Every structure is written in C-alpha cells, then in structure tokens.
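In what follows, structures are represented as structure tokens.
Both of the next two complexes hold subunit A, though its partner changes from subunit B to subunit C.
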Partner chain A sequence: MIGFTLRRLASALLLTVAVTFVTFMLIFSDGNAIARATLGETATQEAVDAKALQLGLDQPVLTQYWEWVQGVLHGSLGNSFFTGEPVTAMLLTRLPVTLSLTVIVVLLTAVVSVLVGTLAAVRGGWLDRGLQLLAVAGAAVPAFIVAIFLVLTVAVEWGLLPATGYVPFSRDPVEWVRSLTLPVLAILVGSIGGAAQQFRGAISEILQQDFVRTLRSRGIGEAPIVFRHVLRSAAAPGLTILSLQTIGMLGGVVLIEQVFALPGVGDLAVEMTLRSDIPVVMGCVVFTVLVVVVVNLVADVVGAWLNPKVRLA
Partner chain B sequence: MSTEQVVSAVVDREVAPDAARPAAPHDDGRRGDRVGRRLLRDPLAVVSMAYVAVVIVVGVLAPVIAPYSPDYVDVDLANTAPFTGDFVLGGDSSGRDILSRLLWATRGTLLACVVVLVVSTVVGVTGGLLAGYFRGRTEAVASWVADAIMALPGIVLLIALYTVIGPSIPTAMAVFGVLIAPANYRLVRAVVAEVRGELYIDAAKVSGLSDLRIIFRHVLTAVRAPIIIQSGFVLAAGIGIQAGLEFLGLGDPRVPSWGGILEQAFSTIYLNRGAVVAPALVVSLTILAFVLLGNALRDALQGSGRRRPATAARVAEARAARPAPSAAADAEALVSVRGLAIGYPDGLGHVRPVVDGVDLCVHRGEIHGLVGESGSGKSQTAFAMLGLLPKDAVVLGGAVLFDGADLLADAGAMRRARGTRIAYVPQEPMSNLDPTITIGRQLVLGLRAAKRMSKAKARSHLLGLLARVGIADPEAVFDMYPHQISGGMAQRVLITGAIAGDPELIVADEPTTALDVTVQADVLALLRELRDERGLGMVLVTHDLGVVADICDTVSVMRHGTIVEHQEVRGLFAAPEHPYTRELLSSALDPEEA
Partner chain C sequence: MKRLRSLRGAGAAAVLATVAAVALAGCATQEPEAAPAQGGERTLTLGVSGEPQSFDPALQQSGGDQRWRWQATFDTLLHCNEDGTVVPQAAESYELSKDAKTLTMRLREGMTFSDGSPVDSAAAKATIEHMKEGGGSDAGRVADVEVETPDDLTVVLKAPRPTGQLPTFMCLAPGAIAQPEQIDSGAVASLPVSSGPYVLDAAGSTSGSVYRFEKRDDYWDADSYAYDVVEFVTMPEATARLNALMSGEIDGAVIDHDQGAEARSAGLHVLSSPGTWTGLYINDRAGETVPALGDVRVRRAMNMVFDRTAIADHLLSGEAVPTAQIFNPGAAAFDPALDARYPYDVAAARRLMKEAGYEDGFEIEVPSESGGSAVYNPLVTQQLGLLNIRVKEVPLTGPTAISDILGGRFPVMYARMSTSASSLFSIVEALEPGSIWNVMQTEDPKLQKLLDEAQVARGEHGDEVFREINEYVVDQAWFVPWIAENTFFAVSDASMVPEMTDPFRFNPYLRDFK
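Entry: the complex of A and B
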C-alpha cells in the first residue's frame, strides 16, 4: 500500500513537472513578443527591449524556466507583469470562489449520482429512461449554455436569483448561497447526467456478478444486498467516475465564472491571457494541474485502499 | 467541460472493448450496405444526418442565402427582438442581423470541424500505429503522454496558449485536435496490438511485404469503423470547445462566430432577451446531432443495435403453448418440479424456450443428479428452483412445489424459503464470495438474514460449521478476505454458508467443476456426509458422469430443455434407455474424451 502510494505520488510529480515545463516553453518562447504585448503595439523597439530586460525575458527560455522552478520551490510563482503583485497572492484571493463552486458541485454530483444511478440500475423503468435522456442532453448542451438559459429565465425573466456577482460567505451566507445557486445548477446538469449514467453502469455490472446471486440464495433481501455489498464494491469505480467528472468540469467552471461574473481563478486566467500577463497565466495553469493531480491521486489511493487485495499486499 | 467527458467516458468505456475486435477486411462492400440500411432505419440517425447536412449546405451557401452581409449595419435595428422587424432573429447591439451572422459563422464552425477531425485522426492514428507496431519503449512513452494529455482540461491549456496562438480559431482547434488525439490513439493502439497477434500479419511478413505496407493494409481497415464512430464524439467536443473559446472573447473579433454572437447577445441580455436563444440553440443542437450520430454509428457499425424486447402478447402466446403440468405431484417428495418451462427474449420480439416441460422430484436424504451438456437447460432448472433466474428470463409455465406449496408462483414465499429451507452451492467458489469484505462478516450477514440470532451466537455457530466442513483454523479464516484463501477452502466456506440456515434442500450447480482433482473428491465426500448427518435432499447439476456415479442416488438426463431419461443411478449405468444417454455414457468411457 505504501509502495503503491509512493509510485502514484512520483507519477503525479512527473505529470506536474512535464505539463508545467511544456506550457512554460510554449508561452515564454518569444520574449520580444511578450514584452511588446505588455507595452502595446505602438511601443518603440527600444522600449520593448528595455521591458524585456526588466522582466528577464531576454534570458534563454530554459534559464527562465529554471529560475521559475526555483521560485516555485520557495513558494513563489513570480509577480504580475502589470501590477507587480505576487501571483500566489492573486490566486489566493480568487481561490475561495472557484473552490466553493467546484466543491459544492462535486459533493452534489456524488450524492445525486449515487442515488439516481443506484435506483436506475436496481429499479429500471421510467427513472432509467429519464437518466439516459439526461445523459445525452447533459453531454450535448455545454454547461455555459445551460447557464445562459438559466440566467435568461430564472434571473432575467423571473428575477428570482442574481444573474451575476459573488458574495463571500463571511459577508452574507444567504447571499453567498443565492449567488452560487445558478452557477452550481448549470454545471450539475451535465455532471450528474454523466456521473449517474456511469454509476448506473457500474452498479448493474456488479448486480450481475455471481456473488450477488449467492447472496440472494442466502435469503438476504435486495436492500441489504445493495447497501451492504453492491455499493461497497461500487465505491472504487465510483471514485474513478467522480474524479473524471471533477477534472472534466474544471474547464466548464472557467466558462461558468465568465457567464456569472464570478471572480474565480478561471476568470483571472481569461482576463490575464487577454492582457498577456504571462506569470499569472502560468500560475493558473499550475493551479489547474495541481487540482487534476491531487484529485487523481486521492481517487487512486482511496480506491486502492478500498480493495483488500491492494490494501493487504 | 461536459463535452470532453463525452469523449473520455463514452469512447473509453463503450467503443474501445468492442473496437478491439477487428472487422474482417474482405466483406467490406456488403458491410457498408448493411450499415447504411441500419442507419436509415434509426430515426434519430436520419434526423441527425439531415441536420448535419443542412449545416454543411448553409455553410457553403451562406453568401447566397444570408439576407444581409455579416457586417451590414442598420443602427435603427440595433437590439431589436426576434420576429419584430426586418432582422428575423433580431439585431445585435451594433445593429447587425443576427440571422445573417449565424449563417456566415457556420463557415467558421465547419472549418474548425475539418481541422479538429484531420489533426486528431492523423496524430491519433499515426501515434497508435507506431506505438502498437513497435511496442516496447515507444509504446510506453506514447501512452504516458496520451494519458497525461487526457488528464488535463483542454480549455484551460487553450486559454493559456492564447498568448502564443493569438485570436486564431483554426490554430486553436488544431491544438485541440492534438489534445483530443489520445482518444483515437488508444483505440488504434488496442486494435493494432490485437491485429498484430493474428496470423495474417505473420503470413504477410513471410510473403515479403514491407512493415509499412503491412500496417497500412491490415490495420487501417480494422480501425476504420471505431475511428468513424469516435469522430462523432470528437466533433461534438470540438464544437463545444470552439463556442466556449469564442464566448470567452478568444476568437477573431472580425469574423462572425457562433460563440461570439452568443457572447454579444448575452452581454445585452437585459436590453434584448430573445437574442441569445437562436445562437444557444444552434450550438446545442449541432453538438446534440453529432452525439446522436456517434451513438447511431456505434449501434450500426458494431451490430449492437437495440434488441427488441419480447412483447406481452408474444409471452402470453408462448405461455398458452405450454401444456398444463402433467402428472400429479408426489406427496412424499421434498421438492417436485412440474412442467417447468423457461424462455428468453430472442431479440426479435419472441420468446425462445430453453427449458420446456421439465418434471423432477427429490426426497429427503436423496441426491438427485441433473446431467446434460452445456446449454441443455440444467442450470436454468436449478436457478428456477431457487427463484434466482436472471432478470430477462420469462417463466412460461410450471410449478416448483416445496412441501406441497408452489414457490415459483409466490416470490415472497420463495424468498423466505431461500437460506432457511432451500440453499445453493455455486460452481466458481472465488467469484461467489464478496471480494470486499471478510469471510466471517459475509457468513454472519447471510446467516442473520436467514435466522434471527445475535452476532456472537452467529459467529460461534459459524465457527463450529467451518470446523465441521474441514477448515483447520476457523478463527483465522473468519478474518480473512476471499482472495487470501484457496479455491477448495472457498468452496468449503460456501458450503458452510449454504448449510448455516439449516436448509432441507441444497441445489448445487457443478460444485466441483472449478476445483483441483484432488479437492473434488473431498468436497463430494463432504456433501455426502452432510446429507447423511442432516437428511438433506440435494439436486446436483453436473456434466460429469463420474460425479453422478460417485454420489447420486437418482439421475435425470437433460437435452435441449427437456428431460429425456429418469432412472436410479445403478439402472442408468447398467441399462440406459435413451439413445442420448447411451451416447453420453460411451463418450465418458472413451479415454480420449475423459
């Protein structure tokens, strides 16, 4: 188990290094262009050169990456080209928004998908057909378009909930819930459609296994079979499904933040990309990769721990 | 983004396993016809294909059919609602016709589709071919890269790369093509690995074809179908990503685009509510069309078309065709099966019987063998006696009388009888234990479901039984997981589970087939001892006449769903009546077969 965890940790680290390296090489490849972008099209070449020198963009890109890595090891992601503010500080102010949104969606997706997926697998019938429909619809309509329809109806037509903006929990918990309701709903349609459908598949696969028939032969009722045996076996595939959904929804979150004007990490990434504030953009990539790596790592390790064959090895 | 999940989920889980079965290359023409006909029979496929065709025509003919140029401005019509003025779908905030702009923007979408399709196919197929063909380190590295790319949310990378790419959607979509190529890569690699192992590659090598031609000729034929299916999902994902990037303002502001129009309409949603509807619908419907087309292609190309369930009328018809249970039940019998008939839907709306008019009876203390080749219906008969037939099985008639009461007709009574009066010993010991919990815990759960007793009492009762069935250290085995014990031990644990509730009848389905020869005799001896101790009735399903000779008192021989002969064991071996029984006996005696 420890060996397994260490191998996963090493592979996670490798992924982080590889992705940040490739992204860094690509977006820092042309120092002159970056310096020009920060100054505007009208800047003179002298000014651009001076700016490149000031920002360290005249160095070979490998040297720049090495310096960036050393910064990261000391807990620094560099400073914004525009405000000079540390990137980590900028990310920290945006983090609560993105994390609230993601964590709420993941929790709700997990709870609803397990319920609906299990019921659909065990009972079948209209619930099962409804789930198939939701899965296709959820796959077809991107979250940001669901969001637009929600804004159009709930916020603009009926005026029930705010269309835009974010209120921190610490300032007003009720408004915090109101400001996050529509964004959460918009992502949930697709994530539940996908996760519940896959969870349904996992459950019906387990229900067809031999040991379930043997449990039935012992006189155990359907409910205890599902709750004490089948769901336990479904935990590991369920975790994988949930981790895939979580990573998949990160992209959707960026667009959702834009639709609802939520000041999260995705919103920061888009804003700073348009302004060529490359250290900040790089910081947002690091954040995303870390989320991906941590989610995968947790799902792998917990999934392995749930399997007695791996846990006791 | 949800569309990325379509590809990672739908494609990995559903297409890949089937795709590993390469199509036979020679019957291509007929296959094409058949696929075409299947697609045309599927209404969703027809509607999706028609929709996609319309999108393509609109894209090509946009300059002809669009009422205005995309840049035509009529300030008076700025922010007009749909269906109110000259601009059918309304005007945007600058006074341009939304309909015309949507029509023109179709061209950008089509171009992006072509780019994504070409890049993802070329990169994925090439990578998959090389990795699958050369294997070794090439494959390890390529697969790691593919996994790494798949693990990342594509749109975040595309946003970051905007600083390099700039506002060019075709370039961005080429990058997206690379990001989604792993889906194709995995498919192709799996198929190549499969095809490579097959003989015709070896034969081609001998006949002197070069490696490259081998790859092209054989593998490309085999991967074509899965790639086509995948393309539907890849395009769906691509259109979602493209609209997303344009909506974020990362597209080219000078060219009309679906996502860009949507963004402009959304920014003026309070001034002109209806304007967002058309662009949002266009994007959603186009993605939907590709998702549905992918599903339909998968059904058509992989022959997994919807199976028609048996209709109620057909089931009633099949039931009426069975005769009423013939002989009266034997009053002495512990269990007697009368006129049992079971069928399965054949996928064309009918029910195909697999067990037809089976009668058998078992007395207390009797071990009754049910013999036949696989598919003869002997296991179906056994499961019917336990009320554990698969979900899609249809009981066409008959009765299972246990102490005179029909359990087949009363699911509740059957469930109460399971575990306490009728028990089951399965074939495969390993797959019949729940792998996630300890042996002791699953035995206790089973026993307490059958009989009300405290956990402590259940535990001591079970420990005693484990010792009885020949497990040396019951306390230790109690806390082990199924994977930690041997097959023979697992079968003893399952027998413990079966007798724990003190049943009167045991139905054993090939209880020794999966065991080592040395263990087989021990398990049979154990079953015989338990019968003697407890006066159990037993139905023993087997294909092995040696087992029958060893342990059974009476035998029924099954073939094609009916019982062809019923005898005492001695009589069966001495004087078989039915020609099929004689055939079975002679093949069992034949040393080559045994």
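Entry: the complex of A and C
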C-alpha cells in the first residue's frame, strides 16, 4: 500500500511539473505583450520596455520559469503585476469560496448518487427509469442555465435566498449556508444524475457476477450482500466517476461563480486572464493542477484501500 | 460487526470531510470585520463590473464604473458637469489662457487628507508628475504638461501647444490628488490616504469582493454626499448585477443594453441615453494602402449601404438612434440635420462607386474580433459586398492584437466608441493627427485649421467651430457611423438618481445619489 501510494505521488509530481512548465511557456512567451497589457493600449513603447524590465519579462522564458519554481518551493507564487499583492494571499482569500462550493457538491453528490444508484440497480422499475431520465436531463442542461433559473425564481421572484454574494462561515453560519444553497443546487442537478447513473451501472454489473450468486446461495440477505460486498467492488469505478466529476466541476464552478458573483478562484482566474495578470493566472493554474492531482491521488488510494485487487493492477 | 465498522468508518470520513470544508470556509485570511451598524447610518451599495488594479492614481482610468472607487478616495482639481462644462472642485477657481497653453487653478484653503495633512499645490503637482511617469492609460493626457506651484494654493499647468482640453483632463484621473509621501513609498496603491469624500475601510473590505468606504466629515464638501457608507461589490457578470439589483442586494449598477426591458419590468429605474457611437472607422481615408478609400465618393458610398434604422431597431432592439455622426447627441458639435446626409440607398451608392471608377470594387481587411465586431462583421461583409467591396476577416493574435489595431494595419475596422458631452474631447480622441484613434495619423490641412481653432475657441464661437468640424468630417465621410447606442444604468429607485449626471453617460457621480 505504501509503495502504491509513493508511486502515485511520484506521477502526481511529474504531472504538476509538466502542466506548469507548458502553461508557463505558453503564457510568458511574449513579455512585451504582457507589459503592454499591464500598462494599457496608450502606453508608449519606452514605458512598455521599462515595465518589461521591471517585471523581469525581458529574461529568457526558461530563466523566468526556473525563478518561478524556486519561488514556489519557498512558498511564494509571485506578486500581482498590477497590485503587487502576493498571489498566495490572493488565492487564500478566494480558496474558501471555491473549496466550500466544490467540497459540498462532491460530498452531496457522493452520498446521494450512491444511495440512488444502489436503489435503482437493486429495485429497478420506476426508480431506475427516473434515474436514467435525470442523468440525461442533467447532462443536457448546463449548470449555468439551472443557476439562472434558480436565481430568477428562488431569489428574485420569491426572495427566499440571496441572488449573489458569499458570506464566510465564521461571520454567519446560517448566511453561509444560504449564500451557497443556490450555487450548490445549480451544480448538483447535473452531477448527481451522471454519477448515480454510473454507480447504478457498476452495481448492476457486479450483481450479475458469480460470487454474488454464491453469496445468495449461502442464504445471505440482499442488504448485507450489497453493503458489504457489492459496494466495495463498485468502489473503484465509482471513485473514478466522482474524481472525474470533481475535476470537471472546476470548469463549471467558474461560470457559477460569475453568475452568483462569488469571489472564488474561478472568478479570479477569469478576471486576471482578461487583465493579463500572469502571476495570478499561474497561481490559479497551480491551484487547478493541485486539485486534479489530489483528487486523483485520493481516488486511487481510497480505491486501492477498498479493493486490494486495484493495487496489483 | 464488520459492516457496522465499515459504516462507521464511512460516516466518520464524511463527517471529517464536512468539518474540513467548514473549516476551510471559515479560514479566510483576509476576513472583513463588518463595521458595527450605527443608528441612522445610510449605506449605498453599488455593483461594479471589474476589479480595479490598485489605488495608485497613475493607474486609474477615467471611464467606466471602476472610477467610483478612486473618485471616492481622491478629490479632483476640477469637476465636469453632465453637459461637459467644467466647474471648480478642489480648485475653487481656474483660468485657461487665451492661447489654451496655460491653466491656472487656485485651491481652496483648509483642505486636508484623511490623516490631517494638507491638500495643497505640492500634492497636486506630485500626483500629476506621478501620473506622467506611472505608465497608466491616462498618462498621455498630461505627458507633455509642466506643473508649477508658485505658492501653496496655486497650481499652474503649462502645455507646449494649445490644449483646450486641459480643464477637462483635471476632472478625470490626471486631476486626482494623492498624498506625496504615499506616492513615494508606494503605500498609495493599497491603503491610500484620502483627499476625497470617503476613506477606505480596509477592515471592512475584501480584495476582489467588496470595498467599503466611510464618509469623511472633514471633507470640504461633505454635505453634498448623502450616504455615510458606500460599498462597491465586484460583479463582472452583467447577469449577476441585474439579479442583485432585482433582489435588492445592491442599489445601482451598469447593465447591458439587452437588460433594459427586464430591469424596467422588475420595477428598477433605468437611466438610458446615448453614450457611444457604433459603426466603421475608415482609417485609410488618405488612401495609403487602399487607394479607393482615398476617394470621398467611395467613402460616401460606404455610408449609404447601411440601413441605420434597421440596425437600431433590430440589432439593438430600439435601444439606439440612427446617426451619421461620431458626436454625442448632447454635444455642441452635434447637428440633427447631418443624420440625413447619407440615406440608405444602394443604387445611389453604386452610382458613386461607378463615378469614382471602382464599380468592380476592391478588397479590404478587417479584424475578425475587435471589441464586439464578431456580431457586426457579417453585416459589414454583406452590405459592403453590395458595392463589390470584398471584406477579408483577419484573425487577431493575442500578443499583437492591440498594436495591429492601433498601428494602422487595418484600413477599415468596426468601432464602438464612447462619446462625451464635451465636443472637444471627441475631437481630440478621434481626429487630431496624434490622437490614439487616428491610427494612420491622417492630416487634412482644411480640417487642421478648424482643429487648431477648436483648441482656443470659447463659448458660442467654440460651438460653431465644433459644428463646422462635424459637418466637414461627415461630408468627407471619415467614418461610417450607424447608431448612437444607449448606455444603461439601473437603480433601485428613481428618487436615488433621477437623471444621468456623467458627461460620458456611463455611471452617475457618487454625490448625485440621494
């Protein structure tokens, strides 16, 4: 198990380096354009050249990348080109918003999709058919459409929940819940249907296997079979689906943060990309890569713990 | 037993994850402490479309709703009314010399920054000098201006050539007054000392989310500002701003043109008036790269193949007025009669092309995407195609896009330009040989005489000169304007701001919110 985990950590590190390297090369390739973007279109060439020198953009890209890596290893993601604010500090103010949203959605998706998927696979009938319909509908309707619908009805028309904004938990737990309810619901509509459908498929397949027939023949009840044996075997594909959904959610969260004016990392990434505040953009890339890496790592490790056969694969 | 243990384990993991989420949610490093509510404290909450770069006055922009933040913090030397006239502000009086090269301003006595230090001529000079060197987008307005301070209350700007715009510039970002010590130390970028009506409440603000300002009772014009607290909430997405308005979470915000009807039906008060012109720039009016464009008959023909009324009605849902002019309908240069100069008449346009010898047309390149052109390029291609003008769209690449557009690469390009109640402002932005939007630096001796006169002419005579310039530019078809497009600002109640008070027609001044 330790060896398996270490191997996964090593590949995660390689992935992080590869993604940050390629991204850095792409977005830092034209230092002159970055300097001009920070100064505005009316800036003179002399001012642009001076700005490029000030920001270190006149150096070779590889040198700039190496310096950036050194900064990261010391805990610094650089400073904003515009405000001079440390990128780390900027991300830390935004992380709670995005992580609140993502973690809550993932947790709810996991719990509900496992329950619904299991029931649909075991009971079949109208529940199974309803789930398949929900999966298709959830995949067909983008999260931001659901978000706009929820805002117009629940927030604007009925006034039950806020349309925009985020309240930190430590300021007011109740308002924190209220400020996240609609954004979470907007994402859940799509994520639950797809994940439940995948769980249902995995569980249905496992229920057909010989070892399940053998367990039934020994007089073991359906519930213990499902909870003790079938779910364990369905963990690997289920975790894979959840990890893929979590990673895919990062993109959807960007739009949701825009619609609900949530000051999260996605919103920051969009704003800073439009402004060409490159250090902040790189910081957001690092955050995204780390999320992907951690999610995959957790899914692999948990899957291996639940199903030892996976460790041998 | 094993099942129970596994269930407990799963449950514990779920609880742990939830606790982690909650802990992360509460662990914001810069958490605003909400200022305690005081009895009778009035708060104005406004949605802004972007996150300003910093408080550094050199990096502030003169247009857009993001200027509220710096206008709350820094006083300006002068103030521009909604009709474009310039009146005293921090300077209690001003005088522009007859040759429009020298602007003398006299500051009010007794003004202070929020830390008690004096707002004096040295502070004004330091800020203008910083603006010149700071490399911001407004630096060009004062790039060649020299500043003299003969005494503590007198600021003298000297320009090398006639610059009738100097007073207007002092209403904008170049006229802001910051504390010299903060400029030198760089502290002005994050925690500015205020010369304006409000001071930043750093503890009550969250970077990128909400900026809270408290009114300064020691500000010289505090009585003009009705609100004790102003909060600016960053909402880049127009849909979010409108939703927040409709749900009462904010009091005012700029909205898009296609949201006007929805805002009105939701009971919001919408301030709407022409604030931009939309159409085509004919950059190569001298015919340097496309000789055909040097012929005024060709340019006039291009003006006559666009049905301005249809564009206003169908593309902007009636939230625009057809126009053939680049001046704001409220500007002195505007002449309603000129809008009839180029009626929609394809046959007549073809006759003009034939007269000019370009019956078979020619080819032009336009940028595929420049500030919204993707919507209009099909229309441009279709209509110019009626004159056999073949439009080739050229994709812009990120690194060179701006330099391509401003460097005169494109003989014709889609344009959506903000207009002002100040005619001279529009003239300088678009017509002067050295101006940013005269990208190919076109010079016309006859027009230049008028432009030079415009810098020094005042009053009625000045208005006449502006109208002559407009008439000449329309007659020479330097542009192909289609519509004067409305800008939209929505407030929760009409009593807050009955009318637009901004000469750029974008967002009202803070002091005009009642």
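Note that the second predicted complex is superposed on the first by the 308 of 313 C-alpha atoms of A that agree within 3 Å, B and C clash if a C-alpha of one lies under 4 Å from a C-alpha of the other, contacts with A are read in each partner's own complex, and residues count from 1 in each chain.
Keep this in mind: contacts are C-beta pairs under 8 Å (C-beta built on N, C-alpha and C of every residue); 3 or more make two chains touch, one makes a residue touch a chain.
Nothing here was measured: the structure is a model prediction, and the numbers come from that model.
After alignment on the shared subunit A, the placement of subunit B and subunit C results in a clash. Looking at the shared chain after the overlay, A:R228 reaches both subunit B and subunit C. Of the two partners, subunit B and subunit C, it is B that touches more residues of subunit A. In the superposition on chain A, A:V151 makes contact with both subunit B and subunit C.
By the document's definition of touching, neither partner reaches A:T20: not subunit B, not subunit C. After overlaying the two complexes on the shared chain, residue contacts for A:V136 are found with subunit B alone; subunit C is out of touch.
Applying the stated contact rule after C-alpha superposition, one finds that A:R36 touches subunit C and leaves subunit B untouched.
Of the two partner chains placed by the overlay, subunit B and subunit C both lie in contact with A:V259.
Of the two partner chains placed by superposition, only subunit B is touched by A:F211; subunit C is not. Of the two partner chains placed around the shared chain by superposition, subunit C is the only one that A:M90 touches, whereas subunit B remains out of contact. When the two structures are aligned on the shared chain, A:R171 is found in touch with subunit C, with no touch to subunit B. Contacts of subunit A with subunit B, set against its contacts with subunit C after fitting on chain A, overlap at residues 29-30, 37, 148, 151-152, 156, 163, 224, 228, 258-259, 270.
Contact residues on subunit B toward subunit A in their complex (touch as defined above): 1-6, 8-10, 13, 148, 151-157, 159-164, 236, 240, 243-244, 247-250, 262, 266, 269-270, 273, 276-277, 280, 283-284, 287-288, 291-292, 295, 383, 386, 388, 415-420, 423-424, 426, 428, 431-437, 442, 445-447, 449-450, 481, 483-484, 494, 497-498, 501. Looking at the complex, you find that subunit A touches subunit C at residues 29-30, 32-33, 36-37, 39-44, 47, 50-51, 82-85, 89-90, 92-97, 99-100, 103-104, 107, 111, 148, 151-152, 155-156, 159, 162-166, 168-171, 176, 224, 227-228, 258-261, 263, 267-268, 270-271, 275.
Those residues of subunit C that touch subunit A in the complex are listed here as 2-3, 6-7, 14, 17-18, 20-22, 24-32, 34, 47, 50-51, 53-54, 59, 61, 135-137, 139-140, 186, 189-190, 206-209, 233-237, 239-241, 243-244, 246-247, 249, 266, 398-400, 402-403, 406, 436. Contact residues on subunit A toward subunit B in their complex (touch as defined above): 15, 18-19, 23, 26-27, 29-30, 34, 37, 136-145, 148-149, 151-152, 156-157, 163, 190-191, 193-194, 198, 201, 209-211, 213-221, 224, 228-229, 232-233, 244-245, 247-252, 254-255, 258-259, 266, 269-270, 273-274, 276, 278, 281-282, 284-285, 288-289, 292, 296, 306-309, 312.
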